[in-house]
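Note that chain A is present in both complexes that follow, paired respectively with chain B and with chain C.
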Partner chain A sequence: MFFHNFKYSLKTLFRNKAMIFWTFAFPIILGTFFYLAFSDIENSEKLDIIDVAIIKNEEFESNELYKAVFKELSDKDNKDRLFNIKYIDKDDEKEAKELLDNEKISGYLEFVNGKPKLTFKSNGINETIFKYVTEGIVQSAYMGRNVSETKANLKDISRKNLSYTMIEFYTLIAMTCLYGGLLGAIAINQNLANMTCQGKRIATAPVKKWQVIISSALSCYITQILGVALLFIYTIFALKIDYGNHFFKVVLLSLVGCLAGLSLGIFVATLVKAGENAKTGIIISITMAGCFLSGMMGISMKYIVDKNAPIVNKLNPASMITDGFYALYYYDTFDRYYFDLISLLIFAFILIGISCIGLRRQKYDSI
Partner chain B sequence: MSNIIEVSNLTKSYKELTAVDDLSFEVYEGEILGLLGPNGSGKSTTINCILSLLNFSNGSIKIFGEEMKPDSYGIKEKIGVVFQEVSVFDELTVYENIDYFCGLYVKDKEKRKEYVEDAINLVGLMDFKKFYPKKLSGGLLRRLNIACGIAHKPKLIFLDEPTVAVDPQSRNNILDGIKKLRDEGATIVYTTHYMEEVEILCDRVIILDKGKVLAKGTCDELKELAKIEEKISVEVNKLDNKYVEEIKNLDNVADVSYNGNVLLIVYEKGKNNLSDIMGLLKKENIKYNKIYSERPTLNDVFLELTGKELRD
Partner chain C sequence: MIVFKAFLKILNKNKSIIILYTVILVVFGGINMNASDTNTNFVASKPNVMIINNDEKNEITDNFIKYLKDNSKIIKLKNNEDAINDGLFYRDVNFVIYIPKGYGKDFMAGKNPEIEIKTTKDYKASLADMLITRYIQVASTYRDMGNTDTELVKNVNETLAKQGEVTITSKLDTNKLERITFYYNFASYSILACLVYVICLVLSSFKDIKIQKRTIISSTNYKKINRYLLLSNGLFSLILWSLYVILSFILLGNDMFSKQGAIYMLNCFVFTIVATTIAMFIGSIVLNKNAINGIVNVIALGSSFLCGAFVPMQWLPKGVLRVAHILPSYYYISTNEAVKSIETFDKESLKPVCINTLVLLGFALFFVILTNVYSKKKQKIG
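The block that comes next holds the complex of A and B.
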């Protein structure tokens, strides 16, 4: 019976055009829009090579790490080139000041008493990157990294700091996972006598309610996972999105995210006393609001919420998923990733647990 | 005949409304029992209580001699239900819908295949196996609804208004199918507000109104309650009022009315009423187009018992 119901539940899902759209097509369409919108911004910024100057005094000449890194980052053959560097003789410091005053360069670097000193005329993204790279070299030297490690690390981090697209794609995956809520609601609605007439018929059959609900929920979960998998395949192979080096952990977080989405749908369908359309509206609203607060419509929102009302994003499943990806991509340790993963699992189990209490009812006052 | 269902003192209330009021009845093995009553009389609520879908405030329900509970899977195996609403999946074909619901009862695939084919033949959907419900007409959809409820060959079948909004061809098909199911040994509880169907199908009838039993028995037994023996209708183009008064004074006449061009004479009793009235019409040289005699209907019984029409 379990497999019989599972098989037909899958059939009904895959033939439901609305579900196919929301589960499979909508995330891909949205992803394509994100890609078109944000890749243009990033491409324009990538071409914007920063003009800077370096005063070639003895201290600079003797610092191999600085010399090598800046040479690499200003190499004309390097596709990730960041700087166009004008090397100025130590006696011509005035020239550097003139270039800065005339806005020919964003800033210049000179070594004073063994320490790098940066001079800027204003604050902006170019100045920030120049400062960030210079400080990065100091840190690398302190950590004992060699030249090639430092170059790789700086290029990688510099690139990541410019990536709006990645944040949007994290929230897109979070949204797709949470859309599993729509399927979770179907798993409940189809099988309960007080929800649909099909559920009424199933309730009169000699089958255990749990068996039917679990097999339906499993088919919904698998469908949702396929939706997320399709999104990954499309974004990785068609849009060339790089999800970093921890793909297994990305998949694990997505699986748990889908479970959280499914549990949200089960929770709403079980406990909200409203029609099917109203429940669908509630699930979509919760999902979209969660994604908005986690930065889907602007990364600054995530920071605003984190700063002013951190509890909101601690309870927001979309934020847990987005933050988990963010942590995987940006941090060398996995503490924050596992915190998000476990938070999502707790979220899912609490909602399923509460739903189980509501689902225990076998007879109804009215249907 | 043994009792298949025993309902005793069943009472179901929705807040201040008593939908089923101290209802007691039995269903005998192999019979078709009709639950007849206007909309809102408590027919569907009674069925839902019997099926253990609804809570009820008082009473007991036994099916096959055992108390019916939500987890009475042994009893549920032998029951088939056809609800008033079409309860099928739009995403599954006719065959798949029947196979899905039958599969909730029958695990053996080969046996199920045979049962599904039998159900399709019974309701006459052989040419529509691969159709999706949205492509079916209202009548065909009702037939599919029935097939989904009876494919597993249940011993006890509940049919809750299965012919609502159905075309005559589908209605005849459905009624023939129900008779066939009874002939194959099923016990059937049939709810409707169409008295003609009850008269054609049911061995016994329970008339419900406002959740109470008004009367029960065979159709003939119930018609005794109507206190009329015969109704004679005569199509007359013009009729003077003095003749209406004259007819009223004839033996056994309970009521006479002349509306439009139809003269309706209701008799309390008597055996030669038709020849008597024809003799009078001939004697008075009154020309008429058609004349026909009817036995009282269940609507007359309902009218007698409640003072209102069944379809009010």
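The block that comes next holds the complex of A and C.
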């Protein structure tokens, strides 16, 4: 009986096209969008070579210090190159203004009465750096001697793996795991006498209830894992997402994440006395709210919640999954990972436990 | 009237969807609306720096810290490594500097003590790096000249206070327009999702084979039914557009009462027309009600992600933007981005806006024709 029910609930799940779309295809589509939209953000935050202009009047020509510094900072062979400088003849001042207006340059430098004068269109980081370098020369000139060549003796002890867009993809995995709850709800609904005709038949049939429920749940779990595995394969091989170097821990976390999703589905299907659409709506809302808090719609959201109201994300399954992947990616130690993993297990067992109590001894005189 | 009533009935059943997308718009449109100071003076960008000082109190170290405080935004996090690492990962802090014990003394003894740092390696971190390097270079120079502690502090501060003269040409407060642009860019998602969802649902309800058979044999002319459907869809779009425009006035306030504000509104109106035609087209080809939800999500999220409704256009990869040219949202968002930097309204500056609008209207025409061609083919049933 166990295997019989397992086989058929697996078959019914795969025939439910809408569910297959939401649990299999939708995460992959969303992941592709994330990838297309976010792949360049971090690169654009790196310091680029800044386009600027300098008006070449006599004062500039005669100022060896400025000429030397800007020459060095715009030298193509200098690995610390900062600027791409366009020198403009003093008669063509208009050209500089035009370049600035069309945002071809961040700003231009002009000597007026022996003093450097900078013109920018707006505030910004490139403008700040241009101003900063110019001031450096002013300050050196003020000191009246060569500035010490001493480089600051800085030792970088920051961690590698600082790519924060990864969080988007971790929340995506979390979403997929929890969307598995939709499958769980469908499978349980089929066995509930107050939900479907099939449920009524099962309720009167001489089979043990635990066999039916567990075999249905197992078929959901397997379907779910298949969906998550597909997403992993896609994100790792097509989108080149980095999950860190601990393959088995990643797999373990996903398996437990799926279990949490499944338990959520069973819990809602059992305890909420409402139609199928309402149950689906509740599961989707919980999942999306959880993903929102764990950073899917704005990565800093997770940080804000973690910092100001840590308890919220300690109870949020989507955040437990996301945080677990984050811990594997960013940290060397596993304390945080195991904390998340165990929290998820506790979450799943509490929900399953309550559902078991709810599912026991349901009897109807008439329905 | 009966068609219109049916339309309203279906609309009423699905009001939660409209509320949902509107709430999303308000929440996300609102998140980005931190008030900003308006000024035409230059304001230097400041990196977020966290300082952990392990040195005892002395003039050299204190002055170094004071300099950092003046030139960067000091972030205070819990002084434990996990909090700092999290802060770096989420870019709450760009640069963490650990000043070692005995730094001031060692520095004055002619050494160049090692300072441990943590950095996010982005442009703000580079700026913090430059600040520190500059300070240490100037300070070492004075130290090598034989300055005492107090002399050094005085000289360093005097030197670093020398600033260049800066003028800003733009009189436009881009920050304010930035907020409006973000709101209207995001609105493209809500409008597209809402319209496609509702209109598809309405059309598919009328296309239900039993209902369609009944309407065909009824005494009402099919042209009349179609006209009413078109009218009610148009009316719904108009109401949705007005709702979002009114919301923008509430959320963004006075900034909307400007020439730029008018263009944002009109542009949004044109986009609403295009979105309606897209919705009518999709509604005419999709018959399965269960599929609508999926289609809405893919189309609305897809065009919003690819065209820069969520992530600003300048941060999108060039290849993505090239592909985005085939989507109407791209032209709508381009106009919004262009309006942001228009200072004087003349032929030259409005040219890209006009071109984008024409392309949008072209899209609308294209979808109308497509819908007609398709429904012509599907006219006969059973």
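Observations
Please note the rule applied: the second predicted complex is superposed on the first by the 243 of 367 C-alpha atoms of A that agree within 3 Å, B and C clash if a C-alpha of one lies under 4 Å from a C-alpha of the other, contacts with A are read in each partner's own complex, and residues count from 1 in each chain.
Throughout what follows, contacts are C-beta pairs under 8 Å (C-beta built on N, C-alpha and C of every residue); 3 or more make two chains touch, one makes a residue touch a chain.
Since the structure is predicted, the reported quantities are computational estimates derived from the model, not experimental observations.
With both complexes placed on chain A, chain A has more residues touched by C than by the other of chain B and chain C.
With both structures placed on the common chain, the touch criterion links A:Y364 to chain B but leaves chain C unconnected. Within the superposed three-chain model, A:T204 lies in touch with chain B and out of touch with chain C [touch as defined at top]. In the superposed model, A:F38 makes contact with chain C only, not with chain B. Of the two partner chains, chain C is the only one touched by A:Y330; chain B is not.
Residue contacts after overlaying the shared chain place A:Y87 against neither chain B nor chain C. By the touch rule above, chain A contacts chain C in their complex via residues 17-18, 21-22, 26, 29-30, 33-34, 36-42, 44-48, 97, 100-101, 103, 112, 115-125, 127-129, 131-132, 134-136, 138-139, 142-143, 145-159, 162, 164, 297-300, 302-303, 306-307, 326, 330-331, 336.
In the complex of the two chains, the chain B residues touching chain A come out as 14, 48, 51-55, 70-71, 73-74, 76-77, 79, 81, 83, 85-89, 91-92, 96, 100-101, 103-105, 107, 148-149. Taken in their complex, chain A has these residues touching chain B: 1, 4-5, 8, 11-13, 15-16, 193, 196-198, 200-208, 362-367. Of all the residues in chain C, the ones that touch chain A in their complex are 28, 31, 42-45, 82, 85-92, 96, 98, 112-124, 126-127, 129-134, 136-138, 140-141, 144-145, 158-160, 162-170, 174, 290-291, 293-294, 297-298, 301-302, 305-306, 310-311, 314-317, 320, 341.
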